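Look at the two complexes coming up: chain A is in both, with chain B in one and chain C in the other.
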Partner chain A sequence: MRIDAKGMYYRQLNQLVKEAVAQGEKEIVLDNINGQRYIGDGVRGDVRIVINGTPGNDMAAYMDGPELIVNANGQDAPANTMNDGKIVIHGSAGDTVGYAMRGGKVFVRNNVGYRVGIHMKEYQDKVPAIVVGGKAGDFFGEYMAGGILMLLGLDLPEGQEMVGNYCGTGMHGGVMYVRGEVPEYKLGKEVKVVEMTEVDDAKVKELVEEFCSYFGYDPAEVLAEKFYKLIPFNKRPYGNLYCTY
Partner chain B sequence: MLLREGEIRIPSGCAISGIMNKKGQVFSGEDIIKSIALMHDRSNGLGGGFAAYGIYPEYAEHYAFHMFYDDVTAKEDVEHFFHLNFVVDGSDRVPTRKVKGIGSGPEVWRYFVKPKEEKLSELELSEDDFVARLVFEINDTIPGAFVVSSGKNMGAFKAVGYPEDVGEYYKLEEYKAYIWTAHGRFPTNTPGWWGGAHPFTLLDWSIVHNGEISSYGANKRYLEMFGYKLALQTDTEAITYCFDLLLRQHKVPLEVAVTALAAPFWSDIARMPEDQREAVTAIRNLYGPLLLNGPFSIILGSRKGMMALNDRVKLRSLVAATKGDFLYVSSEESGIREICPDPDTVWAPKGGEPVIGLLEGEETL
Partner chain C sequence: MSLDLLTPEFLIERDRNRCIDCQVCVRQCANEAHSFDAEEEKVVSKDEKCVACQRCVVMCPTHALSIRRFPLEFRENALWTGRTIKDIYKQAATGGILSTGMGNDKPYPIYWDHMLLNASQVTNPSIDPLREPMELKTFIGRKPEKLEFKEGKLITKLPPRMELDVPILFSAMSFGSISLNAHKSLARASQQEGTFWNTGEGGLHKDLYQYGGNTIVQVASGRFGVDPEYLNAGAAIEIKIGQGAKPGIGGHLPGEKVNWEVSETRMIPEGTDAISPAPHHDIYSIEDLHQLIFSLKEATNYKKPVGVKIAAVHNVAAIASGIARAGADFITIDGFRGGTGSAPLRTRDSVGIPIELALAAVDTRLRDEGIRGLVSIISASSIRNSSDVVKAIALGADAVYIGTAALISLGCHMCQKCNTGKCNWGIATQDPNLTKRLNPEIGAERAANLIRAWKHEIKEMLGGMGINALESLRGNRLMLRGVWLSDRDLNILGIKAAGE
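The block that comes next holds the complex of A and B.
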């Protein structure tokens, strides 16, 4: 089904979406989206939602299963505490993408803003992943507790840096894969660079192939560059901060 | 009685938006209202406002005072004060219409004035210094009176309410400006009061601000040494005076002002090439007390252009775009696309990296 969202307030729009999902709709196309917040929030089940236009903040918060295709840039905090499902953004996204995300996948073709993957976590088989095609702002993976963050740095103009400062500050779980070297000074105090293992190579290949399948890149070319693996020094970086003895 | 700014603390979000035409071509307030209205949910109805540049071409060389009056006495006192100090060439009630979302507020008047020559020579002050001094004096000494704006060929329009209602209240569709900025308020520390809505202004400067400055005390003490009176205990007022001090009084280049207010971290400075490192270190040493700490995204307006700036770790959102001669900045990309669906470029500025829009032929704000 299609919904023309031109000038529609977010409450009405999201109500329509939820009603359609409840009625078993499998594909919903939202046209003329601009700034409506909370699209896909708390929506469960097996449905594909195509968003034509710029969705508002907190898209897919607590989403549990659906697939969201965004044919524009995203704004701030998509996939906030998302539990399962997939988001494919054919453009850039704002700050705090995947805030406290705990399952599912996010693919962003271009760039992302500050604090992406902040407080991401994982538990047993719930391992969220965010793959960013371009560059990321400061505090990438801040306080990250689990999951996978991947940064590809594709198509960046000469001299553009792939990752901002304070990468992985406060990180205490999960893993980052960066396609290229991150200068030492950009790393948070809690992060170290380690060698890739075969398990890492397989994981990177799987996510890169999926990324390329959405955005038309050649996986072999993307994988030809060296990937660096970033993990935290330990699981409780601040364990002794307030109670040393 | 409603407590004013500074008399109460309420432990918030906001929306900002700005549009300018680099060639100085004027356009109505309809677009800026649409842009800020789209971000309705960032505000809570306790404040909205606009700054507009180029709206009074018939009085382009006069200082345009927009005034709030709580009562008739305040108006009489201010008018008496104006006639002592200024040649008043025009005055009228600022046109408003009844709007459901705007409750009763102060009387809003405007005056087009020029400082009396004998006052300037008596006090040996420049016109701007003289006018700034009188703005402080009115806010400080005349009860029930508040200067909303005092620049040339510009004006601020603000009230308690949602910004789109404020725009309708002041009939902004009837004004034409080459720069419009707007603010939707979600007050956190102070009550919603008409004077406390953004923009905050002094002379040509206007600031709309989303955020909260935790260095307010340090900034205030420094500004007071240069004669600024911070009447409202509001951080945005302090930011306005920081720019006035740096750009108008100390005449530092815009980049220096930005470096002072959103200074790079010492660890970043240590990696700079030697020349730059020395310069930035000197700026931080000299203007340390002006460093704005805490989250902010602001738009500074002046008659020469506008500038948007984030705090150095980007704790508030900010998006910029261009289309032909137009520059747009907004808290959200959708706030731009609502009025410019197909911009030439869209980008998210880094923390501490200013987006500068200058009118053609101008070299600084």
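The block that comes next holds the complex of A and C.
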């Protein structure tokens, strides 16, 4: 099914989408999207939503299952507290991508803004992943409590840094894979670089292959660079901060 | 004196004539203040371990125990009190941030006790609530700007609201900070008394989904246990921006308290710290708050009221105005005496402002701006009894939250050690040996009794004022008079002095 969203208020648009999902629609194409917020919020089930145009903030917040294809840039906070599902963004995305995300995957072809993957967590079989093709802003993976953050640094102009400052500040769970070295001074004080294991290599390969399948890169080329693994020093970074009054 | 230079705070007195060395106190004290000396064959105590929770005193079958403040701690000094000295010893020994439980215990003025209620004499009759109808029904949620009727029927579509039989709700206390049995008690009591309890920021245990109709689900910066099912489970959603006991800082549930049930409910691995960042990092402005409010409304199809909880801070009135304009359906204001499962001591005792002043300032500001009618205000913190409730409503609250009072009804003895996880009353703990001490059925009964008792008292006071519906008391500050207050205080509270 197709919906022409030209000039449509987000509330009406999202209602149409939810009604279509409720009626069992499996593929919905949204044309002329221009900043409408909250697309896919709280939507559950297996439906594929193709978004032609730039969706507004908080796309896929609390979403639980659907697949969202964005044929443009995303804005701030896509996948906010997302529980499950997949997002593929054929462009860049803004700040706080995947805030407190608990499950599902997000693939962003180009760059992302600040505080991406903040407070991402994992629980039992739910291990969320965000793969960013280009570079990330400051505070990448801040307070990260679980899941996988991956940064590829592809196609960056000469001299362009892949990681911002304070990478992994407050991190206490999960893992980051970065394609290329991260200068020590950019790391938050709760993070350390460790050797990749076979399990890591397999995980990286799997995610890179999926990333490449969406955006037309050659996995062998992407995997040819060395990946670095970042994990927190401690699962309880603030465990010794307090004494009882 | 132990190596860390500390003297005990309390003295455990055991009347040897009464003590039968039955070891009940040994088993009851999670702080291990009592032990059995096998050689001597008698129970002995260690004063320095006691936190004065009174559990052993209550449980001792022969009433052999009493707990007192440790006599003369230090040479008297108004500035360097024993407390201030010991704080320095503790920090010198550990290098740690002092952390504590429960609300601010410092002797700041309690404005509730400086406001007195009115009653009818001669010129208007008082009402006897036992024989005449008295309406306490309260709706929390957004109100339409006007109501339209057609052929005597209301045609305006009303926004979603919570309907309360009594203007008292149980405030947010997370599973993790308090026990599941405490949650169960409050959930059941809410259902019984036609009111609501609040999950706090730790998710909703699967056994409690059945109380969804009486539940407010909270969404805080850590987003623990938040998924579409959770959001739709409750009758309303509350976004937690701040808490009166620790304005401006986040939360931190230590891994020791994250057992499998807490882990399942918060949806995080067992034993990991649950850290809530200080701000929601998707909210840096009123406009961003609007975004979060509406993302929650979208996710729940506009079927639930969405409120915002803030701590009472200096600019509370302006912030509340922004929240009302951002589309919140209710605003919760938590004063500086609000309780907590754990907070840094200095923040708890020195940050924020009294709820009475904050509440009056917010109500005044929203009225001045002509938007008070749009939102509901829930006042939280330091409500100790029904007259505090009546005063809060006269100052402008739609309803009040009670947290500490609710826990006291369940047996809390205010030892202020909730942060240690060793609550001997089975409330602020996850230790199965302790949590089983709180029977949720008895807990529910006690919490419900408290609400019922206060309901009767509120009706009595309303009747005394000649008012038969709580609605006529809301923001009716003429029913209040101040004593021992400065002109400035009276001005902010918007009340006259007694005698005026």
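Structure notes:
Here, the second predicted complex is superposed on the first by the 242 of 245 C-alpha atoms of A that agree within 3 Å, B and C clash if a C-alpha of one lies under 4 Å from a C-alpha of the other, contacts with A are read in each partner's own complex, and residues count from 1 in each chain.
By definition in this document, contacts are C-beta pairs under 8 Å (C-beta built on N, C-alpha and C of every residue); 3 or more make two chains touch, one makes a residue touch a chain.
Since we're looking at a predicted model, the values are computed, not measured.
Using the contact criterion defined above for the overlaid structures, shared-chain residue A:K235 touches chain C, although it does not reach chain B.
Look at A:N57: by the touch rule set out above, it reaches both chain B and chain C. When the shared chain is aligned, chain B and chain C each come close enough to touch A:R37. Of the two partner chains placed by the overlay, only chain C lies in contact with A:H119; chain B stays clear of it.
Look at A:K18: by the touch rule set out above, it reaches chain C but stays clear of chain B.
Taking chain A as the reference, the larger set of touched residues comes from C, when chain B and chain C are compared. By the touch criterion defined above, A:A100 lies against chain C but remains apart from chain B after alignment on the C-alpha atoms of chain A.
By the touch criterion stated above, A:N73 is placed in contact with chain B alone, chain C being left untouched. Legend: residue contacts after superposition of the two complexes on their common chain; A:G170 is shown touching chain C, with no touch to chain B. Residues common to the contacts of chain A with chain B and with chain C across the two structures: 37, 57, 76.
On chain B, the positions that touch chain A within their shared complex are 38-39, 41, 267-268, 271, 313-314, 317, 319, 332-335, 337-338, 346, 348, 350-351. On chain C, the positions that touch chain A within their shared complex are 87, 90-91, 93-94, 96-100, 221-223, 226-228, 231-232, 252, 254-255, 263, 267-269, 271-273, 275, 277, 281-282, 291-292, 294-295, 298-301, 344-345, 416-417, 419-420.
Listing the residues of chain A that touch chain C in their complex gives 11, 14, 18, 37-38, 41-42, 44, 57-58, 61-64, 76-77, 80-81, 83, 96, 99-100, 102, 115, 118-119, 121-123, 126, 142-143, 145-146, 170, 172-173, 235-245. Residues of chain A touching chain B in their complex: 10, 34-35, 37, 53-54, 56-57, 73, 75-76, 92, 94-95, 111, 113-114, 137-139, 164-165, 185.
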